[in-house]
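Notes to accompany the following structure.
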Amino acid sequence: MSKTENLVQHLEKLHINNMYKNDFYWTWDKTDDELDAIFTVADALRDLRERNISTKIFDSGLGISIFRDNSTRTRFSFASACNLLGLDIKDLDEKTSQIAHGETVRETANMVSFMADVIGIRDDMFIEEGHKYQKTFMDALDEGYEKGILEQRPTLVNLQCDVDHPTQAMADLLHVIHEMGGVENLKGKKVAMTWAYSPSYGKPLSVPQGIIGLFTRFGMDVTLAHPEGYEILPEVEEIAAKNAEASGGSFKKVNSMEEAFKDADIVYPKSWAPFKAMEKRTKLYREGDKAGIDALEKELLAQNAEHKDWSCTEDMMKLTKDGKALYMHCLPADITGLSCAEGEVDNSVFDRYIEPLYKEASFKPYIIAAMIFLSKVKDPVAALRDLEKRGEKRKEF
Amino acid sequence: MSKTENLVQHLEKLHINNMYKNDFYWTWDKTDDELDAIFTVADALRDLRERNISTKIFDSGLGISIFRDNSTRTRFSFASACNLLGLDIKDLDEKTSQIAHGETVRETANMVSFMADVIGIRDDMFIEEGHKYQKTFMDALDEGYEKGILEQRPTLVNLQCDVDHPTQAMADLLHVIHEMGGVENLKGKKVAMTWAYSPSYGKPLSVPQGIIGLFTRFGMDVTLAHPEGYEILPEVEEIAAKNAEASGGSFKKVNSMEEAFKDADIVYPKSWAPFKAMEKRTKLYREGDKAGIDALEKELLAQNAEHKDWSCTEDMMKLTKDGKALYMHCLPADITGLSCAEGEVDNSVFDRYIEPLYKEASFKPYIIAAMIFLSKVKDPVAALRDLEKRGEKRKEF
Amino acid sequence: MSKTENLVQHLEKLHINNMYKNDFYWTWDKTDDELDAIFTVADALRDLRERNISTKIFDSGLGISIFRDNSTRTRFSFASACNLLGLDIKDLDEKTSQIAHGETVRETANMVSFMADVIGIRDDMFIEEGHKYQKTFMDALDEGYEKGILEQRPTLVNLQCDVDHPTQAMADLLHVIHEMGGVENLKGKKVAMTWAYSPSYGKPLSVPQGIIGLFTRFGMDVTLAHPEGYEILPEVEEIAAKNAEASGGSFKKVNSMEEAFKDADIVYPKSWAPFKAMEKRTKLYREGDKAGIDALEKELLAQNAEHKDWSCTEDMMKLTKDGKALYMHCLPADITGLSCAEGEVDNSVFDRYIEPLYKEASFKPYIIAAMIFLSKVKDPVAALRDLEKRGEKRKEF
């Protein structure tokens, strides 16, 4: 039996009726079965791709991407996922559009979506803004579809907002599943999601939030560690706590990197901005106070600099389970002695984990493709079987 | 009988032999039958799309787009139209090209067209420049094709020049045809194409020109209204007058928004730049006088500000036929109290017409696709029938 | 027998086993048979395209382009070549990516390549940097493939580095072959690759290097002419000398444009930067000395200005064989009296050769497509025959 057929037989058992024609905002909107379906379809699409079997389900169509912040990995992952399924990409570049002239989100949303099948949006810069933008955008498409303006209602893939970074967290977890030899081996594993020092400013909180919001659903013991002042959204902490209870794992918060690293099976040391400062930043942004934002940035960098000891050094790694925890990062990392003088991780640590780190990243195109697949295909079980049976070659000759 | 077959039977009766391998510059270059053919094919392509039937007529090939001014709607419409027919898009970004280094239009035209099927150009910033650029470009391709440099001669879709904005005007009219329940119901309808105040500067004249140049062909009574100093190209006014005479409609000019709105079935209030100033601006542009252009801009804004009463308010709308004229706009509009303090239209008026406004815009991808289709397909009647009969699914599963 | 079948029968006789899954850095890495194969496949793909036969060998897949310097011709040629074979393009725009944040080339390479079939890179700005970047990039992909991060290893097309510009030189030579009526007529032809004055600064040395490194392989008498101080890479001069010896041609260097033009069959007058200055520039670049680079630029322009007599004037052309040498240029040229006051070539000369110049450029998309084809297709002979036999129309109807 092929790997794909094996996966399809698993998929058959899951209850995933709600995914068709639906958006992906946050992992905690989805049931366990729905997340399982995404992992399963991602693995199946990868298997087919590796066997040179085409997975085009579209003959033509568009994936619209909107990146309101810089991106390499996610940009190429979204492009790859669309291409894998037969969609062309059209990127909305706000600089060359007419959006500056006070155009509403409602209008833009409809104007770019007449022939769109999927929308991918990254808007992660300001707390309380990113998700709101995505929600406003998709609500406008609901309205546009209801009123007959759009012949179909495109679905959303959240490519990172201020609350969650689901394509990252899901790719990270699929990587962990593969490293640990199956989802059944996750129970009881100790995960350290910790803050780390970086010379840069204001990284989004959505990665740590995404990780604790997702990893707590699989019976793991998740510790969130950061210096005081680097709190994350309390709503997401609550979700993590509830998840842990339901899954038989645990969730705790500490103010010591050492404590989190102690006996950890998995470490995820990563910089993010202090929460209060991010709130202040959003306020300045709304007031259009550019000078205020610049001043705040300096303040933040000074605050960051007080915590240079929060770094994933060789000594820190020795604290982990057998000194061999799985080191994870969403990339790019600030690497001490390579990309900066003092950063999130020692060069020797980072370099030792290059292979798993790149593998971790390699799941993202398939995770995004699976999200699209499950939102656009009515009967994913039949569709995957058909693709395999049909066996059209992706590359001929 | 399917809607498409119905449309095809209408198409069969039209004389459209000149469209194959031909460019689309201005609507008044085209016969009535040719315009009719575009509307008909646009409706047919939309019907097929809505029934999930693929309309790919290209297996591979390129649509080249050149936007010398910002664009969202038209950019996405062109991309959507190309994708609908099976073409990839390649956008010529003059900033990352070598065009700055004194390269001639003749050379650029040939260099980007070796595998191009269609060229879409927006060049609307300077009077006497936009059309000239498009013409020079396409003449160079004629030469390139004749001399065997290009294996085929791509066709042009004018995505807005200084004279006409045909994809806009055609989409607008197709919207009107659908709203009025058929082209036969247009006769005698009163249309007000009027200037409106906007806090912004120098909007192109090609929209009002395009509207009066096209709408006068269908027996409607078209009134062009603007303050003194906001004249449009006299050549286009002449065309409008001749069209009106031939079609049994009328064309008149007034200097009062109220007069134009009185009993109107359709109102199209929109800002544009004063003509004399635009001529001056072209002169400054040719002289490379950036400071002069900036000074002129201030002057124009002051001139605009004298006509803030030219606004599509609720009171103004009450003057129209039963107070319920169809409000039209090419978007984005300057909306009083939403995108600016004082603008082209009251927020309450705009908001009441959101649904028809977005529908109006939704025709543009299909209008562009129809223009491409008719310029690239030798026997459009047979081709549409074949596409429907073949019935290949756009989205499988 | 079709032209394609004719070409395929020639291809059958060549030894080209090393091309499959291999990169294209420099023409001198390749055997004579391998270069022959590229010309042959380029001609075959063009023949099929001209007969409206689809040459899509990919059902989906990506060509990644990285332009670290401006480009129009090569950018559109790469896009066209990818489209011709069924690949979508995704351009890595370093400005909107996260690369600025100290990300390593090794990481970027892997991150953009998860679903890439081909990589095209232009990096020609700094001596000793361009090739190094490409090599580092592709070595990282070797590593990524070996470690199972990438399911396949994309192949490289060098779109211009500091050493060679193979897609240009190959397109140039295919043009010469067609102009001369076959590769067998190249023997003994006199080629003048000469420096010419331009008011611009610091053009890459890779074009003259590419030309002398390639044209010397076909028994031609190649003269490299430039003012003192405008030397090119000595390694490439050595390669040219060896090539000439092996092919029964000759290679010599002179410091006089007149001498090179005397009785030439082919002239290629083109500006490039002085070598020593380029080395200095690389040093300043590594030190991040932006002011130093600006100062150097002024110095270089002054140095250039001493050699304004190095121009391809009508008088200069009269020195060539019957006054009718084939004039070549990679475009865009600095044309005296058209794009600048004093430049590389008289407007009247340039204008007389517009047709062959544009034809010269028209080969580049096919050369790139042939490079991709030969690196991705295991049995190119069978593949071309299959494409022709299958006869799928590129444009239907």
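Letters A, B and C mark the chains as written, and numbering starts fresh at 1 in each.
To be clear about the criterion, a residue touches a chain if its C-beta (ideal position, glycine included) is under 8 Å from a C-beta of that chain, and two chains touch if they have at least 3 such contacts.
Since the model is a prediction, treat every value here as computed from it, not as a measurement.
Asker: Between 0 and 180 degrees, and as a multiple of 5, what angle does the rotation take that fits subunit A onto subunit C by Cα atoms?
Answerer: Value: 120 degrees, nearest 5.
Asker: Since subunit A and subunit B are copies that touch, just let me know if over half of their interface numbering is common to both, same, or not, different.
Answerer: Different: fewer than half of the residue numbers at the subunit A-subunit B interface appear in both copies.
Asker: Give, as an integer number of Å, the spacing between the C-alpha centres of subunit B and subunit A.
Answerer: 40
Asker: Note the residues in subunit A that touch 2 or more other chains, in rising order.
Answerer: Answer for subunit A, listing residues that touch two or more other chains: 88.
Asker: So in the complex, the part of subunit A that touches subunit C is made up of which residues?
Answerer: Its residues touching subunit C are 46, 49-50, 54-56, 67, 70-73, 75-77, 79-80, 83-84, 86, 88-89, 200, 331-332, 334-335, 338-340, 354-355, 358-359, 361-362, 364-365, 392-397.
Asker: Can you tell me which positions in subunit C touch subunit A when the two form their complex?
Answerer: 57-62, 64, 88, 90, 92, 96-99, 101-104, 106-108, 110-112, 114-115, 117, 144, 147-151, 376-380, 382-383, 386
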